[in-house]
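Next up: some structures, all given as structure tokens.
Each of the two complexes below includes chain A, the first together with chain B, the second together with chain C.
Let's turn to the complex of A and B:
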């Protein structure tokens, strides 16, 4: 375990090396939030509440959603695909470490840096510059846990996509498809309440909503009963476990086709 | 006790037959046209603790594939492989604790971080205690003067500096066996010498077993007592280096650029040399690259200086280089039965 903690530290240090990049990420996100603000302003013109959400709630959902998107977009799949393609993976396989856990902890490290340098400044800006109105409630206590589980599920997806490089060498198409699926079906772009009822029903049975919709609803509607939040967490945990085992099974299959260049 | 035991080890790859051009590439998308490549085809040997073994052969001989099976990266297609009594592939994480690996063309160091940070990460994953860690780095500092590099970002190191750091890293947890896969590739003479003496010193003081693959016969001469030559996945020779040394130690190749070269020149050269030095002169003539004619001389039979003098005075030579015999030539000679 000590070893894996060292990976978090190492990845954080690497993250800091590229500190200038953060400024652009924050800037890009702010532009997105400004556009979202005017878009949702016009959607809400003349009505206080749509699909059970007020304007403030919808804006908080969308702005926080895009901030979360940056936090969860760790490019783990791209990094893995590169390592698998050029054979660097053999370096990790000669170390006494588990490849999945190694990737998980380095991803945590990168995300920790971006949590401090991108997420926190953006959240402060939402509160004090955009003055987004928030209602306090017990949901805020569950949010950090939910965010961590969402991170794990998101990682499992990335990891599985990265493993596809064993078979396909290039994961460009697979990764783009994954991005689209997650950003649309998880409620990252649009709260799931805005989908037709039948589609909502289906989406609730898929793992994607556990990544964005669940944690975002905890802060958008924080004043619900504790039982409701516990149930949401239970579903999330179930998906984290399922995706973990599926991606581990995939690894056990994929590693068999490993062929490292060089005689 | 035997440290590494290989018996009839084999690794076969299924490779898609790729076709030329865009049309061929599209066809490949739906193709089931595979061929089997026997990268390693029935290899057996045993290695004792403390040995330095040169594992050599031409490109694509199966050296790296064997190393990757010994380190547990690849699963063998057949045969037995045991390191310290266990199968490396099935006990990969456990076995990795007693192994160190250097791949000359890749680095295990974190590209964006100062060297010392990579060492610290390795210290944690191998559970090396602080005192051993300090002793180890102190010793390396004494041997090759590494300290100045510790705070440098890995990507700013020269290839030679990086290799010294990589070797340091692979010995950090005091492994029983270290695999060095082309550790001197692309390095200049002085850094090669440094790396060789470092490896010898580590083997001497810690009794670390070392498996070395290389293209550089100089590495083999300087380091190994035992040598295993492999080609096309099979062992050609396994034994004392002295016997092989006679093969490449005594041989030198004269590379000649002859003015107005034509196909007839080669035949004329061969004929004149035979005329001058007799039939059993141990000289072979070949053209291996454009404009260059190779004259390989067995110095035990004919002095190089005599041959050079004779050629210079009888042929219009524009340029001359003298090179040691190449790995490919050694292997060719072994094939021709030179070791029997």
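Let's turn to the complex of A and C:
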């Protein structure tokens, strides 16, 4: 386990090299939130509450959704595809290291840097510049745990997509398709309450909602009963376990086709 | 110096070879095209869902938004298909590989961009054309040869705006080396081009019209065809903005090319 902690540290050190990158990422997110503010103001121009959400709640949801998206977008699949294509993966395979855990801890390292340099400044800005009104409630206590589980599920998806590099020349198509499916069906771009009832029912049975909708709702509507939040966490954990085993099975299949030439 | 005709002939020669080489990876092409198709429709599906809860967006109906979005898909395609290599400039600049573009008697921007022809972008173009035809039938828009000519000019100008923004962002590699964050920022803001500019307040509307002119990628030019009775003079600026911005971008690119000295590796 100590060995894996080193991967976190390594990734964090790599992360801070690209300081300029963080600046542009924050800037991009601010522009996104400004545009979202105007967009949602226009959507709410005729009513105080739509689909059970107020303007403040919807804006908080969307702004945090975009911030979370940056945190979860760690390019793990791209990194893996690079390692698989050029054969660097053999370095890890010949050591007593689990390839999935190695990637997980590296991803945690990247995300920790991003948490401090992008997420925190954005959240502070949301509170003090945009002055988003937030309700307080027990949901905030569950949010960090929920965020971590969401991170694990998101990682499992990334990992599975990265493994596709064993089969195809470029993972661009699969990666972008995954990203679109997750961002639309998870409620990252639009709260799921806005979807037609029948589609909402279906989406609740899919793993995507556990990535964005669940943690975001804990903050958007934090004043619900503890039981509600516990149930939300239980569903998330179930998806984390299922996606973990599926991605592991995929690895066991994919590793069979690996051929590394030379070195 | 080659004439424009010779450049076009050369471009076809290069891309024919490129496409032949790419066709080795048929499965890859298929998956990429599917990915492109989904990514084109993501924002559109959000519009459709959103309009279940609201009657209109700043006065624009769903079908009008579909038309604007279809125009957007067509206008962003030339960037995707012809200028996609801008995403790779940072690697070439970083490795020093970029130096090789200096050694041919060709226009360097042409030479660099001709290296990649993004076939999957054709999926987006086709989807955009189909969607534009569909929405204009649904909206009962009338098309005359004169209007079709205006559409071609509008699409051409709008695509120049996006090409300029992206190439300028990518050219930052000459000074920053890693141009990815700048390009990614431009790309993210691009996604908001199809939204009605009327949702923004004064200063932001001004910014998206004249400073970071994403309004000209889709909303302003599309308005010309959707509501000709509501045209404001700003709409006629589309070709001017497109050409002027590209001229400026070409200057920035040339400046970058002239100041680049390799990275010593």
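Please note the rule applied: the second predicted complex is superposed on the first by the 262 of 263 C-alpha atoms of A that agree within 3 Å, B and C clash if a C-alpha of one lies under 4 Å from a C-alpha of the other, contacts with A are read in each partner's own complex, and residues count from 1 in each chain.
Here is the rule we go by: a contact is a pair of C-beta atoms (placed from the backbone, for glycine too) under 8 Å apart; a residue touches a chain by one contact, two chains touch by 3 or more.
Bear in mind the structure is a predicted one, so any value in this text is a computation, not a measurement.
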Return first, second, both or neither, reflecting whether A:14 touches chain B, chain C, both chains, or no partner chain. first
Using the touch definition from the top, say if A:201 reaches chain B (first), chain C (second), both or neither. neither
Between chain B (first) and chain C (second), which does A:88 come into contact with in this model arrangement: first, second, both, or neither? first
According to the stated criteria, A:49 is in contact with first (chain B), second (chain C), both, or neither; which is it? neither
Please indicate which partner A:32 is in contact with in the superposed arrangement: first for chain B, second for chain C, both, or neither. second
Should A:231 be classified as contacting the first partner (chain B), the second (chain C), both, or neither? neither
Of the two partner chains, chain B (first) and chain C (second), which one does A:2 touch, if any: first, second, both, or neither? first
Mind telling me which of the two, chain B or chain C, contacts the most residues of chain A? C
In the overlay, answer first, second, both or neither for which of chain B and chain C A:97 touches. first
Where on chain A do chain B and chain C both make contact? 18
Chain A contacts chain C in the complex at 18, 20-21, 23-25, 27-28, 31-32, 34-35, 38-39, 41-43, 45-46, 50-51, 168-170, 172-177, 179-181, 183-184, 189-190, 194-196
In the complex, chain C touches chain A at residues 25, 27-28, 30-36, 38-39, 42, 45-46, 49-50, 52-55, 57-58, 120, 176, 178, 180-182, 184-185, 188-189, 192, 195-196, 199-201, 204
Could you please specify the touching residues of chain A with respect to chain B in the complex? 2-7, 9-10, 13-14, 17-18, 87-88, 90-91, 93-98, 256, 258-260, 262-263
Complex interface listing, chain B residues touching chain A: 13, 39, 59-65, 68, 71-75, 92-94, 96-97, 99, 101, 103, 105-108, 110, 112-113, 117-118, 120-121, 123-127, 181
